[in-house]
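A short write-up of the structure that comes next.
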Amino acid sequence: MVRLTEKGRFGKYGGAYVSEILMQALLELEESFERIYPKNEFQEEFHRLLRDYGGRPTPLYHARNLSRLLGFKVYLKREDLLCGGSHKLNNALGQALLAKKMGKKRLITETAAGQHGLATVMAGNLCGLETEIFMGIKDMERQAQNVKKMILLGAKIKPVKTGAGVLKDAVSETLREWAECSRTTYYLMGSTVGPHPFPTIVATFQRVIGEEIRQQILEKEGRLPNAIVACGSGGSNALGAFKSFLEEPTVRLYFVEGGGESLTAENSAAAFRLGRPGVLHGSLMQIMQDEFGQIRPSKTRAAGLNYPGRGPEISYLCEIGRVKPCYAFDHEVFEAVRTMGRAEGLIPALETAHAIAYVLKNRGEFRPDDIVVINYSGGGDKDIETILRHFYGS
Amino acid sequence: MVRLTEKGRFGKYGGAYVSEILMQALLELEESFERIYPKNEFQEEFHRLLRDYGGRPTPLYHARNLSRLLGFKVYLKREDLLCGGSHKLNNALGQALLAKKMGKKRLITETAAGQHGLATVMAGNLCGLETEIFMGIKDMERQAQNVKKMILLGAKIKPVKTGAGVLKDAVSETLREWAECSRTTYYLMGSTVGPHPFPTIVATFQRVIGEEIRQQILEKEGRLPNAIVACGSGGSNALGAFKSFLEEPTVRLYFVEGGGESLTAENSAAAFRLGRPGVLHGSLMQIMQDEFGQIRPSKTRAAGLNYPGRGPEISYLCEIGRVKPCYAFDHEVFEAVRTMGRAEGLIPALETAHAIAYVLKNRGEFRPDDIVVINYSGGGDKDIETILRHFYGS
Amino acid sequence: MDLEGKFRELMERKEGAHMAHVYYGDPREEFSLRLIRILAESGADIIELGIPFSDPIADGPTFQAACERALKGGITPTKCIDGIRRLREEGLETPIVVTTYFNIPYAMGFEKFLEEIKNAGAHGILVPDLPAEEAKPFLKLARRMGLHLILHVAPTTSQERLKGILAEASGFVYLISIEGVTGARFKGRKECSAMELIKAVKAQSPIPIMVGFGISVREHAEAMVSAGADGVVVGSAYARIYQKSLDNPYRKIDEIARLAREIKLGCIEGYRNRC
Amino acid sequence: MDLEGKFRELMERKEGAHMAHVYYGDPREEFSLRLIRILAESGADIIELGIPFSDPIADGPTFQAACERALKGGITPTKCIDGIRRLREEGLETPIVVTTYFNIPYAMGFEKFLEEIKNAGAHGILVPDLPAEEAKPFLKLARRMGLHLILHVAPTTSQERLKGILAEASGFVYLISIEGVTGARFKGRKECSAMELIKAVKAQSPIPIMVGFGISVREHAEAMVSAGADGVVVGSAYARIYQKSLDNPYRKIDEIARLAREIKLGCIEGYRNRC
């Protein structure tokens, strides 16, 4: 009976703090994942879809104009070119296939930027599974385009009005829903958060990012990069990029969270700066909370970073100093969008722009002969209205 | 002096019917293209960008759910996964690089769906060239999102109010502008239309699509496909897909144009059905026109197909029977969008959906053991508002 | 009186137990204090005193709203614990079980938290997001301090885990009657699975069984207790009454008292009808 | 009188030629007929009669609008050709050059089109989107039919092509003065390139040179003719006058006549000032 607990720990972080109702579903999931994932049949189908449907491998692009601007060599790992426009599909495809093999009939999940919800519907349709997406009403407004796309693809959207109407509340609501239907329904967790085994499953499906980076940079440069920079909240794109380099002491790893407007309690999503360990949504992790343990709402213009918790594995890696937690402020992020657009013709997602903003601001941390890989987690299509309103008014 | 004319002909089609002012620019362009394109330096840079920036090769995806629905094997050539969301970047990158090597300082072009304009700004920024985009005001409304993206990337947008405010008028206006500045400015033609050498240049840069299809289908199936289906107006994505198969008599080639609401003069863009040979925008080609030779405005919900002319090469290939000209009606196209979304989780561009709609409607033309490749020229992000308004009202 | 004493007393009286669940501080502390006293007077044998949490993932809309109101009103875990102390000072003898999500005791330090509630006068603690596996490190601690750390079982709990949970259970076992969240209503089929689960637990352990989630009327209570449960938990049903009159929830006290008496009657009748 | 005769006559009179360009049918046929007669009376030596086209890519906003209006009014190439016939029937002797974009004659069949305009009384044809290379198949045809197919040269024309064009040119050569479209206004630097081009053409060929694009006032005409041009083309400048009064363009006839006389004066003075 302790098996699960031991496996799902990263240092003190992790675990499975959920209602008794869900324990069986989690154990079933753990068992199924361990049994199904290594199978040839699964691997083949998964990799066929990643390649032919998703567009993997995604390129590792030497951004020459940006490099010139910065004074060192910058590569972008182009997850924006993955089908759906972000890294989210890696995970959604993997889990949807898993759900299908487990005999589930329906996927539920929550989404903030809409990217994960979209990826889930896409994967669900591919696998012939119904999909229902929980989304905070505030996020629905901010990501209206993605909401519409999900509807068109046949997903049911459940607006979540509780709390602040953002991701945190949507996760809670999905967990509640799952408690009602876990026998037939698969909760397709969108990031490396939630109770064990989700953080492990999601990281496993995202690991492909870093595996490709490693191979590609060796091909292009004959050596490992000096740094990898990724944005994140739950940490899935960052862990995906980092995992192949954890044992490489020469590769510095930077995790950039949403600084929001300023580093004050109500205006930020910088959980590593403003939070401390705690339990939310089934997992012990770094969380923004008040002195009594009440969860604090996060705030950032990037819907996908607007979560008060950092997943257990990234919490652990930051605690032990393997990963450096950093942040970028909203206004720096918008400027980074513009800089990237002018330099490279690319409009990054607001989440992704955090990683870019950090590098732009802290270029002094890197040396002229450094090779820096920015995990370009997604494209800015979903944020285009927000971005333009920022620059040109409404 | 006849060199140009001979080279720029496809049967009777093609040529360079432009103001004397532009002849020198066209000759310079032809000479530069022939000199620069084959160079190793150019090829390397071009292919590096196509691969690392663009995301080539794009996958050839076996759409199993769609295949099941249709009763034969369907592959999608995933140009929607190319950076920018459509095949347009292949051409824009190639020509922008060419412009840079020619010493030009500025790119101008016209755009309808916005995809080509976007691709041009992206390529322009990459190459350090200014960009100015001419766009019909009606198209600007329909493709508001792409307009904003181009502005954000730093392009100047010139709204074209003349005529019907659509692509045809924007092309005219760009030609006029070019007459003023052809010494310093490169006209980056967006499709296989316009005076020689544009149709040849654009087709050359798009040829990569078919080269990849050929290699990929041989890898996957060990044989050539029975049919390739592509949508088009100017014909660039279609020619790109077709060129590697022109000499393969067993490969049927289908070109699907915009049927519009119905096949009546004012409600369609089906130039092969409703037009006849004529000269517009510098080239002799299939054109919608009245009995006196006045150009008829085309009409279709797909901005990218809303052009009354078919490029000279596709005009020729249809005339000699190598390519079968087909069409799909607007309402069939919207249904095809939905079908594709439900079956494969993909929302195609309205242009692309024409090819899908044709196959859905005419499935009887294909046999159970046929392999059909649909050139999936672009994603539906740019059309999402139009699509949703169609299905759910505003 | 402690939990063991209470269950012994009720057994002697041939009654099922009625545990009333209240989120403390909703909408104001004074009301909660009054509510708890009234419930205790009107047939609640145990008080489940909920410390509001910002993200109550096991609660339905009614209790979510209750938590939100209470937190907006400025409630804190410390004030809740003070509330227990006040209830005791004012003479309340009914056993109290504190319910809260894990992050609240975790934030204070679990041991300190247990100390505090114990000192204030609570008899047990119930953490909806602390399944047996995660509870393990705390079970001994609670026992040593003389507090019951209540474990849950649910219709989804496997035979194997049921055995493990019952081996560790203390005070009573909280039997989640349905798959869902608090405040749900029974639907025909789901009731069955609760009945079966009661039988399974009874067959393996002498520990008292309290059935919660979705119990809102006398008939539910009767059905559960007659099926072998030692009692039922009613919570959202009470909140649903006073939340209709939030500006003056006191107006609903009588109605709540009536429901409490009804539930208690169900618990008594259920016991009588046991076969 | 044909074109050769006209240029001979003007040379004898030591005058530059004034070709007035009108899009026929804008805003109505009757007005165009009147306009042409007035222009001819007021100093236009040649009439460039434009057949409106839906997509006039070499024309600026003024002539674009003119084409659009004329087409909306129902003008067709056939009606334009009938217009030439009517002008001749009514006694107009001024040489007429038909201007139209290539698709118009192509749609009718180029040979048939030439026949028609020839029979109606035109002396030449000018196709802005038919450069020398594409004109090749039609040059002989036109010559055989006794019509001049007018070729263009521009500031961008290379030495090599200039030679080729002049070798084929017939009637006169249309010298595009600036890089741009019709209706543009001169800017300092660009004028220079026209002057140089005039010199280059003059050095290679005795063919008359008509300078067009952007000529709108007497000084332009004077400058061009004094630089060696045999005349100038004015078009948009006339349309710009009557388009301010489209409901009754006749009100502008006097103003147009005045400008035409001014231009003609410029052509005369320019000739005198030749060095």
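Here are some notes:
In this document, chain identifiers A, B, C and D correspond to the written order of the chains, with residue numbering beginning at 1 in each.
Going forward, contacts are C-beta pairs under 8 Å (C-beta built on N, C-alpha and C of every residue); 3 or more make two chains touch, one makes a residue touch a chain.
Please read all numbers here as calculations on a predicted model, not as lab measurements.
Any chain touching chain B that also touches chain C appears here: A. Per-chain Cα centroids separate chain A from chain B by 35 Å.
Mean C-alpha position of chain C lies 97 Å from that of chain D. The geometric centre of chain A is 67 Å away from that of chain D, both derived from CA atoms. In chain B, no residue touches two or more other chains.
Across the assembly, chain D contributes no residue that touches 2 or more other chains.
Taken as a contact graph, the chains are arranged in an open line, each linked only to its neighbours along the path.
Each chain pair that touches appears in this list: A-B, A-C, B-D. Partner chain A is touched in their complex by these residues of chain C: 53-61, 64, 68, 71, 76-78, 101-108, 128-134, 136, 151-158, 160-161, 164-165, 176, 179-181, 184.
Across the complex, chain B meets chain D through its residues 1-2, 4-5, 15-25, 27, 162-163, 168-169, 172, 175-176, 179-183, 278-282, 284, 287, 289, 291-295.
Taken together, the chain A residues at the contact with chain B in this complex read 51-55, 58-62, 65, 78, 80-83, 85, 121-126, 128, 145, 148-149, 151-154, 337-338, 341-347, 381, 384, 387-388, 391-392.
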